[in-house]
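Here come two complexes built around chain A, the first alongside chain B, the second alongside chain C.
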Partner chain A sequence: MKTKNLTLHVWRQDGPDAKGAFETYTAENVNEHMSFLEMLDDLNEKLIIEGKEPIAFDHDCREGICGSCNIVVNGYAHGPQERTTVCQLHMRHVFALGWSEIWLEPWRAAAFPVIKDLVVDRGALDRIIQSGGYISIRTGSARDANETPIPKPISDRAFDAATCIGCGACVAACPNASASLFTAAKVSHLGMLPQGQTERFDRVRKMVAQMDAEGFGSCTNHGECEKACPKGISIDFIAQMNRDFVKAMVTSKHDVEAPNDAE
Partner chain B sequence: MELKSHEPTGPIEDRWKEHKAHSKLVAPHNRRKYQVIVVGSGLAGGAAAATLGELGYNVKCFCYQDSPRRAHSIAAQGGINAAKNYQNDGDSVYRLFYDTVKGGDFRSRESNVYRLAELSLNIIDQAVAQGVPFAREYGGLLANRSFGGAQVSRTFYARGQTGQQLLLGAYSALERQIDAGTVKMFPRHEMLELIVHEGKARGIVTRNLVNGKIDVHVADVVLLCTGGYGNVFYLSTNAMGSNCTAVWRAHRKGAAFANPCYTQIHPTCIPRSGEYQSKLTLMSESLRNDGRVWVPRNPEDCDKDPAKIPEEDRYYYLEERYPAFGNLVPRDVASRNAMYVCEDEGLGIGPKIPGEPRRGVYLDFKSAIDRLGEDLIMERYGNLFEMYERITGDDPRKTPMRIYPATHYTMGGLWVDYNLMSTIDGLFVGGEANFSDHGANRLGASALMQGLADGYFVLPFTVGNYLGTIRKTEPLEESDPVCQEALKSVQARVEKLMNAPDPTHAPEYFHRKLGNIIWKYCGMSRDAEGLKKALEEIRPLREEFHEKVKVLPQKGETFNQALERAGRVADFFELGELMCIDALERDESCGGHFRTEHTIDGEAKRDDEHFQHVAAWEWTGDPSNPALHKEELTFEYVKPTMRSYK
Partner chain C sequence: MQRALTLYNTTIGKKAVMAASGFILLGFTVGHLSGNLKAFAGPTEYNEYARWLRTVPALLWGARIALLFAVLAHIGSAFQLWKRNKDARPSRYQKNVSVATDYAAKTMYFSGPILLFYILFHLAHLTFGGMLFGEGAMFGIEGYAWEVSNPYNNMVRGFQHWPVVIPYVLGVVALGVHLFHGIWSMFQSLGANHPKYNHLRRDLAIGLAALLTLGNLSFPIAVMAGYLEPTNLTFHFPELM
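Right, the complex of A and B next:
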């Protein structure tokens, strides 16, 4: 079993308005089977015993599904391993790259103010969902689930978009700090399904407006988001969102939403 | 304390219908006059908050995560049961009810379980209408699979991410209500106290985890949907933040805690690799369909490369001990046998952790690959193999997987009646946080079902019935002495944790020690002697914790994750003790509660004459001396029989 000492330069910041800076720590005897966050746990336990303030970072399920964890590791959102959240990154992959010095930073975006150290406020993503990322169905009023068959390819593609874990790595990786991939994933997931048609164009209009209002940048097709996305969500969905958005803008609300056989 | 189940009588298939027909309602224009608090935003809490908001109540919803979408329901992999009978294989509401009562080893309430089976139908409809992308067949209809040995295919699934997709469905409904202004969301807030006024739950005290502010929130009714307490074991498949604080605070205010010793251990998780291990990851049980479980026959082979161990030196212990079921024995049987070979027979494999037996067994796909080809195996388990390799660095196609059981689910929880109301009026409990539907053992794919049944369909209705019955609650001001007292008690507790007399160790240090004790004596198998020992060890350790816990920074009003953990560990200490007390008191084996003194041919032996009851514990002020109350269970429809897998 390999162990190594690593030098960590960690972004420390007391609060949203405080000035932050890197501080340097040594993580001792880091074991290749440890996860990246277990290395931080271990360091934090030592810091506490030494009477120093532990490093704040977000994490919860540690299975790569809840989307809580968010650290930029040597410039990579969630670290260097593709399709892997930082909680699932194990040290053997870091060792394999020969890294002995690691810089840890929070997601950096104007729409994600730092709360403390590596913890940021991603409430903007929730507000984008609030603006229209749902199908309006009252509890108990649904009809039988098998009354609407959905072709498997459509259902599968909707699923590909629905796997988004809302971590915000797409924003952190984007030079413009755009939330287009996040927004497009939800717009596409719901917009492809028959259940989501009624609100399809209204939804994209509202969600894009909210994305802009939150201060996220625009998409200029860098493609960094797709690369950083731990679920490998394709930027094709951004194109799909843009098509729906254009359709929504060139037709009046009334035209778009009227059923085909009306008027 | 009196335990009244308020179960309706009459034919079981009419009970929920009749109950609804005769319950009180709140008129639409009156609903906004009521303040509802929902703690937790997972399947139960998120669904309840969204539905109550949609009905027109004023809802406040709290979660400790930074967004309601991150609740741990999200991690459920396998699926959700529903008696739709879309496969035409003879399923029905009655059969799902029957399987669930039997699976729970005859320790659940028939009326509740029947209602759960009934509501399973509505859940699927609701989820699909929200856009949940369940797996489909080529014809466009919903696909199903058989799960956990069920004789029918009733499990709906969404790749290996069923929990995620269902939670995102509930989350979208919740966000819609937040936008509509009926629900106010409080993320990064933790409930630290329940406010009880004149015998009724009337609010909570929370700590804002961002700025440390401690606040009072008053309400007419409080719902706890805060999940299970599996993290009492320190290592479990739960999220790092999953905790028992909300239910434990309610327990200390008078809510009875039912069957705390009923915990479920999942047989196929990735074993620990060292002392630093922070959590355990579950690998889907479906792997046992094609994998063969073995350990070396000779202890000296335990650290050898498995490829170099010849066939005759491999001990396929499940196949040898259970020829009929082999590697597919139920969860509890598979788990216990893994423990026996590792801890009693010293045949475990994997990295050696100082001071411990090797805890791990092989799950080998070689013969399945030889028989079916690698392509087919990868099609079935490719994503799981990838996940395993990411964590361990081993490719299961070349090296057998290492697995070991881990705590996965807790069937125990706050006692609730048929309306899901606890022993405190106006305090409702949903999802894994209550004890209600799974008895002593939960079947696969039924946790998501229960969370959503409670959240979408039971709580919104029974809460309305409660409010319609009490009509008007006395206004309660935040300045009321009862609120201020609760606030002060929270402040005092926080102060105490931050200022231990001899601060030496981080909270994790004590949590790990507590977890070790519980795992050793109150885990997969238990006996009176061990449980007594556990109690002897927990009590001084709890004192040591309060003496020596170190929390930094020692500032009150600031973001402080060490403080959050310390508070949760403090409550786990008291709950852990109650678990052991309950396990000791329940002098029988049933479901996940396996007392080695009570077995037939190595299997669990129930004692229906003395233990066909729910054990509900009342807080007395002394964690070591709770008061026991019993709710006798009767079985009118499903007659108790013994489980056997030989």
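Right, the complex of A and C next:
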């Protein structure tokens, strides 16, 4: 079993308005089979024993499904391994790259204020969902799965979009801190299914308007988000959202309200 | 009171404007190149074509106004989005890697302004050359004077001199790089995507960008290689005054 000492430069910041800075730590005897977060747990134990403030980072499931964890590792949102959340990144993958010095940064975006250290407030994504990312029609209790026939390619595509865990890595990786991939995934998975049709063109307008109001940047079609996304969500969904949005704006007979800028 | 959402007030709307205006400008560059390729048919054909362009003022001015409008819309939206995107990430990453972004995408904010300056230079050279330099030497080049009825010579004789060739080549290369990302981006921004045809979007961007770059470079190359030469024929086209 391989172990290694790592030099970590960690972003420390006391609160949203505090000035942050990097602090350097040594993680000693890091086991190659630790996950990245376990490596940080270990370091935190040491910091606590030394009477220092442990490094704050977000996590919950540690299974790659909840979307809580978020660290930019040496410039890669969620670390260098494709389609992997940082909680599922293991140190053997990091060792394999020969890294012995690692920079840990929070998601950096105006719309994601830092709560503490590596923890950011991703409430903006929740507010995008609240603006229209749901179906308000009562569909009753669970029905037979095949009662409403949906062609397999469409249900597959809708499911691809629905795998978004709302982690915000797309925003972190985007040169413009745009939330286009997240919003597109959430707009599209409903917009492709029969239950989502009724509100399809209102939904896309409300969600895009909220996305803008939150202060995210615009999409410049660079494709960084798709590569950073732990679920591999395709930027084809962004094109799909753009098409639905422009169509809605041009052809809808009623307006939707522009939300006030979120503060 | 709540305002109604308008297309142009949204980021996606502004991108749609960029795509649509970019499409108009792309259409112009294609037409512009195909018209200018007449240079290879000879000075008479080239100058006749230039004259013909001036014989339908409604068309000429219609096109000019549409182009001006497209340029302003393109730059205006680009500027607003640039500002917004800059504000969206106030604190920069210490470590920043890009995994997917290609050179063209990364340099849009450079190739764009280069193109703008190049277009101004190009207009000063071949459209307003007579107005700017009168009878005098163009760009201070000895013996290179504007010939009112002879656009062919204005072009060919310019490309015999490096001070004209260098900005031209830079401009044309910037155009190619800009279009490499721009054409692909245009489809994406307007939502023109279909799993069956998506791979063609990149191919089309590469093909068109290459065609326009090489096509436009063919003029200075042909002149410098001595294949296109100034003509001694004289023309009298009052339309070109």
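Following the convention adopted for this analysis, the second predicted complex is superposed on the first by the 243 of 263 C-alpha atoms of A that agree within 3 Å, B and C clash if a C-alpha of one lies under 4 Å from a C-alpha of the other, contacts with A are read in each partner's own complex, and residues count from 1 in each chain.
Please note the rule applied: a residue touches a chain if its C-beta (ideal position, glycine included) is under 8 Å from a C-beta of that chain, and two chains touch if they have at least 3 such contacts.
Bear in mind the structure is a predicted one, so any value in this text is a computation, not a measurement.
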First (chain B), second (chain C), both or neither touched by A:Ser218: second
Which of chain B and chain C A:Met249 touches, first, second, both or neither: second
Touch count on chain A, higher of chain B and chain C: B
Which of chain B and chain C A:Ala209 touches, first, second, both or neither: second
Chain B and chain C contact sites that coincide on chain A, given as residue numbers: none
Contact footprint of chain A on chain C as seen in their complex: 2-7, 9-16, 81, 84-85, 87-101, 105-106, 108, 181, 184-185, 187-193, 195, 198
Touching residues (chain side chain A, partner chain C) in the complex: 9, 20, 22, 72, 74-76, 103, 105, 108-111, 173, 175-178, 205, 208-209, 211-212, 215-224, 226-228, 235-236, 238-247, 249-250, 255-258
Residues of chain A touching chain B in the complex: 1, 15, 31-35, 37-38, 41-42, 44-45, 47-49, 51-54, 56, 58-63, 65-68, 81, 84, 88, 90, 92, 115-116, 119, 121-123, 125-126, 129-131, 133-146, 148-152, 155-156, 158-159, 162-163, 165-166, 189-190, 193, 195-196
For the chain B and chain A complex, residues of the former touching the latter: 47, 50-51, 54, 65-72, 74-75, 84, 86, 122, 124-131, 133-134, 136-142, 158-159, 161, 164-165, 168, 171-173, 175-176, 178-179, 185, 187, 210, 239-241, 273-274, 276-279, 281-282, 351, 390-393, 456-457, 460, 504-506, 508-509, 550-553, 558-559, 561-562
